[in-house]
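I have placed the structure first, in the form of structure tokens, so that the comments after it can refer back to it.
Letters A, B, C and D mark the chains in the order given here, with residues in each chain numbered from 1 onward.
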Amino acid sequence: MINGEKHTEAPIRWGMVGGGKGSQIGYIHRSAALRDNTFTLVAGALDIVPERGRSFGIELGIDPSRCYADYETMFAAEAQRADGIQAVSIATPNNTHFAIAKSALEHGLHVVCEKPLCFTVAEAKELEALAAAGKKVVGVTYGYAGHQLIEQAREMVARGDLGEIRLVNLQFAHGFHSAAVEEQNPATRWRVDPRFAGPSYVLGDVGTHPLYLSEVILPDLRIKRLMCARQSFVKSRAPLEDNAVTLMEYQGGAFGTVWSSCINAGSMHGQKVRIVGSKASLEWWDERPNQLSFEVQDEPARVIERGMGYLYPPALADDRIGAGHPEGLFEAWANLYYRFAMAMEASDRGDAARLAGIRYPDIRAGIEGVRWVENCVRSADLGGVWVDYV
Amino acid sequence: MINGEKHTEAPIRWGMVGGGKGSQIGYIHRSAALRDNTFTLVAGALDIVPERGRSFGIELGIDPSRCYADYETMFAAEAQRADGIQAVSIATPNNTHFAIAKSALEHGLHVVCEKPLCFTVAEAKELEALAAAGKKVVGVTYGYAGHQLIEQAREMVARGDLGEIRLVNLQFAHGFHSAAVEEQNPATRWRVDPRFAGPSYVLGDVGTHPLYLSEVILPDLRIKRLMCARQSFVKSRAPLEDNAVTLMEYQGGAFGTVWSSCINAGSMHGQKVRIVGSKASLEWWDERPNQLSFEVQDEPARVIERGMGYLYPPALADDRIGAGHPEGLFEAWANLYYRFAMAMEASDRGDAARLAGIRYPDIRAGIEGVRWVENCVRSADLGGVWVDYV
Amino acid sequence: MINGEKHTEAPIRWGMVGGGKGSQIGYIHRSAALRDNTFTLVAGALDIVPERGRSFGIELGIDPSRCYADYETMFAAEAQRADGIQAVSIATPNNTHFAIAKSALEHGLHVVCEKPLCFTVAEAKELEALAAAGKKVVGVTYGYAGHQLIEQAREMVARGDLGEIRLVNLQFAHGFHSAAVEEQNPATRWRVDPRFAGPSYVLGDVGTHPLYLSEVILPDLRIKRLMCARQSFVKSRAPLEDNAVTLMEYQGGAFGTVWSSCINAGSMHGQKVRIVGSKASLEWWDERPNQLSFEVQDEPARVIERGMGYLYPPALADDRIGAGHPEGLFEAWANLYYRFAMAMEASDRGDAARLAGIRYPDIRAGIEGVRWVENCVRSADLGGVWVDYV
Amino acid sequence: MINGEKHTEAPIRWGMVGGGKGSQIGYIHRSAALRDNTFTLVAGALDIVPERGRSFGIELGIDPSRCYADYETMFAAEAQRADGIQAVSIATPNNTHFAIAKSALEHGLHVVCEKPLCFTVAEAKELEALAAAGKKVVGVTYGYAGHQLIEQAREMVARGDLGEIRLVNLQFAHGFHSAAVEEQNPATRWRVDPRFAGPSYVLGDVGTHPLYLSEVILPDLRIKRLMCARQSFVKSRAPLEDNAVTLMEYQGGAFGTVWSSCINAGSMHGQKVRIVGSKASLEWWDERPNQLSFEVQDEPARVIERGMGYLYPPALADDRIGAGHPEGLFEAWANLYYRFAMAMEASDRGDAARLAGIRYPDIRAGIEGVRWVENCVRSADLGGVWVDYV
């Protein structure tokens, strides 16, 4: 039960890079971080346009002297202060993540970074080494992974409720970019430009979300090889894809599919995860996140509801309000930020055991997302052939 | 678009009565009030057990010297401080609401009070008079009324999208108290005891929620007469009911029904609102709150989604995150608290025009809830006869 | 398992009154009766316009000499033939049912009659006496009662899966007559004219359907008293109602509601049955008839699927195609006609034991529908007061 | 509007091979063929065990002298009779289809054959040539293709309601064979044995169903190349697969996927078709067949209901009962058999124009199903590589 009690000695002093006024994802970072008294927002380099960033920072209640023109200035200045930031969140376009995260780690900060963490596994490993050296936490915001019913799904698989895992069917297939909206919309424009978005569009932008959910629910699965076909239905997006299908063979014989799309016309998110086992299946849909379908072969399908006393204990621990009341994306994110804080504190205290017990999308999650995109792109660019997963 | 920017000069200094550790509803008050930089929690009399309240207050980050043993002490002490609280929320069992709210108003505080506001219309009118005299805001937490799609529904009715209104079908019918859980659960125990709960159980506890939604969506409807049948399926709950059906005739000919229940076994909330017009119907269900069914006769039914650009402007104004992402009860509450803050500020500035433009569950909503319960109970106690609505 | 095998020595020789070309319900009678080799259509007085009826009869493959101008002629002529009809179905407007059924019974025929069986309980009792005297079967076509999952529901209640029954929530509330479509549509016109429709419109036309489902599922419940409010939202329909709500107290303390409507704009059928017990609830919806929701308090809700091996044996007996494949209204009707045939044959053989074991909507179902409408209308006409159920 | 009127001069004299007592699919053939007065069952070789077939034939009302021991005898004997059968349906295990269909065509019969039509395209072409030479109709029972809303979908695509077609997502993925049920169940046993089932299990058994739906809805699409991965999760089923994923590139750039499975634990059918266009998407699910989801980007999703007056005329033509009432698999099949009859009659009359206007799963549908399986198997056996579609 989460009820607003302080769980950290003091809230972690926190800054943001990006997430400026009108940005898509900035508000949910702040909303999640500030939800449970674990972080306090004290500094920011919130916008590519310094003045806009500064005035927005002031509106957010940041001390004007700590509204910085850019992240380098912020990291340098804050490092001088006794009360300087301890952690930073990065909510800028993809191409900047690596440099900002690297600089943050070099300045001794814990980092929460938007996905994709960076563009290549090599870069990701570099960040991993820096984090390990500095004993810093790196969290990646695969926000849906914080939902109570994802924890329930993970526990059900662990207890064998599904039997042996056979199929992993993943999709995040929305329709918002069915037309070339990037012509009008700047937040879409950078997404379809490889200089800003990296080597893929929908694979990295949406496909990695359910991929990470599958990593959470099925921690023991390892991809052996995969093949990917990608298309650019809006021609001007090429070489970046607006639709992709990935097939995956796992070690041990399970089989997976991922449908990543932004041209699934009329669909809202379409983020769905279906895990098929030898005895039963699980299905979760982010648009009706308070229900988890549990389908045992030869029995009536069951609808598992968030918040109910029959959930497994790790799922119940995240509860904020009784069953029946819907929780949404904000609670999922808040649960993650809560864990980021717990991890940062444990790390600062050098409490490795505690740290190991906290499940959150960490640097490995970041690496795996980048790795998966790299493998998908390699397969797709070879014409959709099977490639060993490296 | 709500994004965490400060919208008040400074956050309103705020205290709580009740909502202590383990209480059902305390956390969502805090979560909602603190969501948008509009309130800051600085004092509390959080628990019937002073010591428990004090230690919880400290955990919440309240200055120990402002963790009070009871509300009288708090109101008196805070009134002495230059930085004393400006507003208080009351989240205690029903029987205490009137006295606490009255005292708060007498101490010059804005009040957010849990429903039911009090036990009788006479009491409610007394609070109304006090609030008017002191120019204070009284908000009542019918939380679902803050959901974006309720605003959309209201606007659709106003624009005539449904034609002339004919039927209002309301229900809040959960199953959590199918058995006599009060024998174990103290938070249920007071609800079935008239000394604490007042003249009704489910009518006041759950039925008033969709009733208020109907008041928001259909501001012009007036009940002419009603009849109510109530039952106590768990016998020991008599005279309080655990199930009730109310029929309502509105002025102008529309007809309404309300099903209030806590013995609807296996149902989660079952809070549903269906408005039937001469051309089309609307239906909303709090457990899938991001979808609004809009059913025009002789056309395919439409599913209206929260956050989409095609919503009417007053609905879009409440948006916090793009369409597709689910918002839940917390955002609905946060939207209300945001409006409470706007109203308090407008009131303090004496800006009557601005105040009149803010739609929130105010003292009249509180009065109407109490009035409706009073009328229902009168009808039920007469054997389920029609009574004029007074 | 029903598979087309002959289950009667020879198909029953069968005629129809009404159900002519373009009629709403004629085809489903023929489709159901002829589905399982139990009836053969050999005569008809199919239309109020003799010539139209005759030519349609010929199109249906009836011998021209047995296409009659009216039912009296048909009953008289057929009674003269060694191979004359043994049974007749009546699918004419309501006002004619009594006279036709009476005449059919007097001519020694088994009768399948559309609902409502007649206009008054007195008439219904007269038919009952005639049927008893002649040892004839009278079936009434509450078609949905033949669905496999209704049998399952009945058995679940009988076995105590729901605990003690508390609430019976019934509705059949469509929107097809939201506007005054009777101005164009003759099949609606007679429905809103008391001379043809009888004392009610929607109560009798749609409300009796879920009422009968409740009688099937809950054979032990007895209405003690009821109250009914009815409205004519399309004014020209008065005194007949286009919307009605009925509340019912059952002997033993259960409580029921019925919503009957044809002005529920945008709704398709809206025929739903929810039975709430002390342990669990059941819910069935005729528009998704292959699923039955079974909701045990404090457990995940279950979706029971038609055709699955876990159904109770009486439900499985009606199976025609494996689970997964949807069955619809036609199978429900065919199941009823199958039982009508079994009952007629058992009756003809004088096999009272077998006859008693066949569950179908019989003359008592017909009487109860008429009785319920009579009581509802009485209450409504007294201003919506409680009346003892007589 | 279909209402039981005779639409053929006289019912077509019809026989069956297979579909014996206890078989899965025999009843629905009879039920569909006999539904509309277009066929009359006069002969049969219903079972691999002659005596069982004979006694079942008698139970079905077939003249004992026309209950044959095997199909050769039947075809030979019937050919001698003036009133011999004109058409035959084949509902036996897959391995026998080719020989029986060939013999039937050689005996001058119209043929309705279960899918798969045969095992190789070469065989299928042989049947095609025979049918063309004899001017005979060959129908293949992809039963769901007869549903009213499939016709609606086809018309919507034709009119451009979806824009340019981009994605075709198909699945038929049930869970009934999650365990090795073939050890007990003979009807499953032959399905996993290549001698009886042919070169594939689920690809042919279930995958071809939605494939044919896509051919109906999207008559202009042509597969250019495909790749297929198949698995045998129940090991003993190898080399036959119990799960398969097929990816398809169409000429013109559209992309398709097919998920075929019998180990999708807990799923009923899971037959779903989603067509994504540049403007909108369509989705249909065979378990809720009376609703078609129509999702225009940037508009509320619409639920199109079977039977409503707003359907396009070709869809309305198939109507049997008003909107709201659910139709299921039986009506879909009956619609097909109705068209088979129309086609046979047009063919017999030599009315080529009429014949060309009747849309039904014909010999080309049979060929395409076999071709698709052949290509899938070829790709899968090469390790899941892309193969040109031949």
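By our rule, contacts are C-beta pairs under 8 Å (C-beta built on N, C-alpha and C of every residue); 3 or more make two chains touch, one makes a residue touch a chain.
In this text the structure is predicted, and so the values were computed from the model without any measurement.
Peer 1: Count how many hops through touching chains it takes, at the least, to reach chain D starting from chain A.
Peer 2: Counted as steps through touching chains, the separation is 1.
Peer 1: In terms of CA centroid distance, which chain is the most far removed from chain D?
Peer 2: B
Peer 1: How many angstrom between the C-alpha centroids of chain B and chain A?
Peer 2: One centre to the other, that is 34 Å.
Peer 1: When the centre of a chain is set as the mean of its C-alpha atoms, what distance in Å lies between chain B and chain D?
Peer 2: Measuring from centre to centre gives 56 Å for this pair.
Peer 1: Once you find the CA centre of chain B and the CA centre of chain C, what distance in Å lies between them?
Peer 2: 44
Peer 1: Where in chain C do residues touch two or more of the other chains?
Peer 2: In chain C, 176, 294, 299, 301, 305 touch at least two other chains.
Peer 1: Where on chain B does chain C make contact in their complex?
Peer 2: Touching chain C from chain B are residues 162-163, 166-167, 169, 175-176, 178-179, 227, 229, 231, 233, 243, 245, 247, 249, 253, 255, 257, 259, 261, 263-267, 276-281, 294-297, 299, 301, 383-386.
Peer 1: Tell me, which parts of chain B touch chain A in their complex?
Peer 2: Touching chain A from chain B are residues 1-6, 21-22, 24, 26-28, 30-31, 34-35, 37, 56, 59-61, 174, 176, 268-269, 286-290, 305, 320-331.
Peer 1: Quick check on the complex: what are the chain D residues that touch chain B?
Peer 2: 294, 298-305, 308-310
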